[in-house]
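In what follows, chain A forms one complex with chain B and a second complex with chain C.
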Partner chain A sequence: MTDDPKGTTHWSAGPLPQAPEPEMGGSAAGSFPAGPAPTGSSPSGSSPSGSSVPLREGFSERPEERSQRALASSEIARSATLDSQVTIADPMPGFVLPADEARGGPLHTLAAALYATTRMEPGAVAEQMNQLGIRSLGFVCLVLGFVGGILVYQAGIQALRIVPDTSTIGPAYIEILVRDLAASLTALMLATRVGAGIAAEIGSMKVTDQLDALRLSSADPVVHLVAPRLVASVLVTPLLTILGGAVALLTGTLTGLWVFDISLHTFLDARYVDAADLCAGLLKSVAFGLAIPVMSAHAGLYTSGGSQGVGNATTRAVVGSSLAVIVLGFVIGALVEVLAGGAG
Partner chain B sequence: MIEFRGVSKSFGDKVILDGVDLTAGSGEILFVIGTSGAGKSVLIQHVVGLLRPDAGRVLVDGEDVTDYDEHRFYEVRKKCALVFQHATLFDSMTCAENVALPLRKHFRLKGDEALRRAEEFLALVQMERFGATYPSALGDGLRKRVAVARALTLSPRYILFDEPTTSLDPVSARRVDALIVDLARRQGATCVVVSHDLRSIFSIADRVAMLYKGRVRALGTPQAIRDTTDPIVRQFIEGRNEGPLETT
Partner chain C sequence: MEFVGGIAVVLLQALRATLRRSLDVEQLREGLIRLGLHSLPVVFGTALFVGGIMVIQSAPLMTRYGAHSLLGWGAGFGILREIGPILTGLMISGRVGSNNTAELGTLQVTEQINGLRALAIDPADYLVAPRVLSILVTTVVGTLLSMAVALVGAALTGQALLGVHPITFWNGLTGGMLSWGDVAHGMVKAFVFGLVIAGTSTAYGLRAKGGAPGVGRAVNESVVLSAVAIFVTDALISFASRGN
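Coming up: the complex of A and B.
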């Protein structure tokens, strides 16, 4: 510990660099004036009011502890002191206040997260891409593979009942896969796996005060927890959609070949797929990639009530993400249909 | 100096604070005591902006911080550190990484440099051997020491402790007491301690404030509190089941 001439007390572990100017303006860019000298630190331990302090029992220090502590303190004090005129480096956006009554909706969280993407730490997105993307790959491929095979099997049975012709099953299947199925199914799977994970993790941190601890450490929970997941999800959802779609196409093709004897040339015919289908599929996967982390993080940020609250938040995240996928899928599909129809 | 002037706070219909007037003087150890649910933790969370009062003002160093937004509380949180009841270390980080976080965020120290500084702050609380340990491997007492080290990184003039000895064994509790005394006496920090650990209260407090029904029921030196004739305060410090004290 050292005392500077102004009386400011320091127990810094050495000099710290002057922080750069904040990324945001406003009052947060202030500096800390040296404060008044602390009082009441006399060796006698007298209180500020001057009254004597009763016997302080139970905290006698062993000599080795005392010398160890003194050594640590002296080594720290030997280096230069903390500059008390530190400019705030990285003020928080202040959009989301999960601890208090300021409760916003998912759009509020989306706005905060989008703003926070400009202030993420390097490497944060890559870590989340691994968590959200790589670890979901097997699950997504497995589900889409089975669903693809089942769909082609059912379509073939129905087609044979009505018109004994299976030649259009492949082209129709590819169209629906590109336009909607791959994106929607992938997103619904991510809503369950990723959405639940995000809500449970952030919700647990909320109920154990870790979000408040982040805020007190000057680490914005939205910047650290939500924004990297948002960016990672937007990047990996289209990739997972493509990979999952490819697996669904493979299993569908094999089902057509083995069950209905549809040749590869006949089945793998993309004549029904046009630019509107590709646009719809791509737009949907990006929108779903945005919606899932926002709905889930929002549920987590506003968790309350202990472990039951975390359970409720997880449920809200999965239900909200799934509904968002369904509704967004409908809206984007209809929009692309209208625009493509108008263009045609 | 931290001042609460007529601070009121309700959650729904439940009134927690009902016009609290209290001042924590520079360099003192002020204990805020009271039954569970009396609003002790709620009170100190107002200082760092984790809660906002429904009415009344909160002043830090004479500066009214009541209506500060998240931006402006950034400054206040550098002066006032809060050590939570359950330490609230981040499970995914080692102890050193936990302590390094405020250094990285406030001072933009690079990873290795921040970790080196963090080890030095851990040494201040005799935890330098546990820098590479994850919090889940530590007991409550050691976790609280790490939390204190994290709080010290920003060189706060005020340190708010929320039930620092709750759930600790007696030896660990006394060590935390010693740490608080060290911070106040040697480092000159003002320590506001929320607690109902009577041994701590009567061992290390300079002043004691008892919250009851949303207000300050008693305020004085430990000896004055011990000598009071107020039946509610007496029942609390004597830990008697029978008496006029109502618990929520």
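Coming up: the complex of A and C.
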């Protein structure tokens, strides 16, 4: 207790010489001065706000000297060979600091996640593909199977109202399945299931300060949590779309066969499907695969306020992902329609 | 079975509280505003784009047959009978249902529902019935309004993309092949979806256990099961109604 004021007066009164500074920077304790360095948040690390030395005698120094010294110390930090210092002196444009989370929308998260894909751990993507893909398979197939049956049933009834001809139902159904339906419905289901899962997981890590714990272990949450989910989702969504489309085709064909007596040969006729349809479908599924984890991870990373906040984040994730799917579907559909219409 | 039973218990509790007029009116009013009124922008935004998507996707069929006068019928049929109720249901399940589960789950894991019982307040009157009624009303009214918005979106896209005049669209819509029966069909679906969403989200919220992660799990399960139940009941209603 009595030593404490003594110690403080010693540090503030004694003008620190320049000499100890390089030692500080070069020694093992040098990881400490690098701690506050990235508050400048510039990628080059050229303007760190302070090191341990200005912290101690901060009031006795003029700003110019201070910045000069900070520059010098950052040079030292950069030339040092310690790994932790190199990473911190050159922060990625992501969420290294909690302060970085205060800015930016989903696009910021997208940029950070894309940048982080180069630093992912091997095996993380496979784990997430299992988590996001395999576990959603039954759900997606169930829903698309039911929708396939309903659509053919409703379309058949309406077609019979106008012309008693059921031969175009199959080709038209296959075309709309390829163009839009398989991709959009799969994505809407994934937005619900995967989106809610990602947001709940990352959000509860955030409110229990586990993200900060990751940062303390010099593990970037974006690299370890967001990027693997993003890559896995982009890889898995087209595959799930194809599988779900196949199931919808199967149930649709069976409905046609049993309810309207449409033969397999008449129903399974892909004459309306062209390259533009295939491109539109694939483009959509990739875009949806990108949008869903970004919207959900964004909602999760920006969670605040306890378990109530996790619930809100989940809501925002599901709504944001679903809206993104619908808006992207509209935009890509209109784009392909205009381009293909212009070409043909 | 547990799923169906949970929904049934919640819905019966809500029905009983409503019939006895013992439900908390203040909570009901707040629920209608918070769960209902505040979801309308999301529902409208979705509906507008969905109407556009319907037209974009039916464009090749329409141009192939030169059947522009049928555009209103095609879009109207799809929106009124299937897409309107399903998409409104999915959006409400995502926004309102998950919120409801999260709130009730938080109340449950923090023992606040037992706290209500200790104060001699019946959770069925105070929490369950107002929420179920709010979600039901929101789904039905939201579907009705979103149908109108989706038709406007379809008409606008039809004019921009295919050059179909809105009056042609309107004539196709009212040309006799669609009737109020189709609207009623959509509204029946909306009513059932409202019951499904309200029942599932409330039941799963009340059954949450295991702290904050348990709430997350409950939200996830409730949203997924609501979506599945929406599609399954939609198929059942469609097949049962035989096109009427």
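Criterion: the second predicted complex is superposed on the first by the 243 of 344 C-alpha atoms of A that agree within 3 Å, B and C clash if a C-alpha of one lies under 4 Å from a C-alpha of the other, contacts with A are read in each partner's own complex, and residues count from 1 in each chain.
The rule we apply is simple: a residue touches a chain if its C-beta (ideal position, glycine included) is under 8 Å from a C-beta of that chain, and two chains touch if they have at least 3 such contacts.
Because the structure is predicted, anything quoted here is derived from the model rather than measured.
**Student:** Check whether A:Thr208 is in contact with chain B, with chain C, with both or with neither, and answer first, second, both or neither.
**Tutor:** Both partners.
**Student:** In the superposed arrangement, which partner chain does A:Leu216 touch: chain B (first), chain C (second), both, or neither?
**Tutor:** After superposing on A, A:Leu216 lies in contact with chain B but is clear of chain C.
**Student:** Output check: A:Val319 vs chain B and chain C. Expected answer is one of first, second, both, neither. What do you get?
**Tutor:** A:Val319 sits against chain C, while chain B stays out of touch.
**Student:** Give me the intersection of chain A's contacts with chain B and its contacts with chain C, in residue numbers.
**Tutor:** Correct list for chain A: 208.
**Student:** Note which residues of chain B are touching chain A in the complex, please.
**Tutor:** Going through chain B, the ones touching chain A are 25-28, 45, 48, 50-52, 61, 69-72, 74-75, 77-79, 81-82, 84-86, 88-90, 101-103, 105-109, 117-118, 120-121, 123-124, 126, 128, 150, 152-153, 155, 157, 170, 174-175, 177-178, 181-182, 184-190, 199, 202-207, 221-223.
**Student:** In their complex, what parts of chain A are in touch with chain B?
**Tutor:** Against chain B, the touching part of chain A is residues 1, 3, 9-14, 16-17, 19-20, 24, 26-28, 30, 32, 35-41, 43, 45, 47-49, 51, 53-59, 61, 65, 68-69, 72-73, 75-76, 82, 84, 86, 88-94, 97, 99-101, 208-210, 212-219.
**Student:** Under the definition above, what is the set of chain A residues touching chain C in their complex?
**Tutor:** Against chain C, the touching part of chain A is residues 139, 142-143, 146-147, 149-151, 153-154, 157-158, 161-162, 172, 175-176, 179-181, 184, 188-189, 191-193, 196-197, 200-201, 203-204, 207-208, 272, 306-308, 310-312, 314-315, 318-319, 322-323, 326-327, 329-330, 333-334, 337-338.
**Student:** In their shared complex, at which residues does chain C touch chain A?
**Tutor:** Residue list for chain C touching chain A: 42, 45-46, 49-50, 52-53, 56-57, 59-61, 64, 77, 81-82, 87, 90-91, 93-95, 98-99, 101-103, 105-106, 109, 157, 161, 177, 211-213, 215-217, 219-220, 223-224, 227-228, 231-232, 234-235, 238-239, 242-243.
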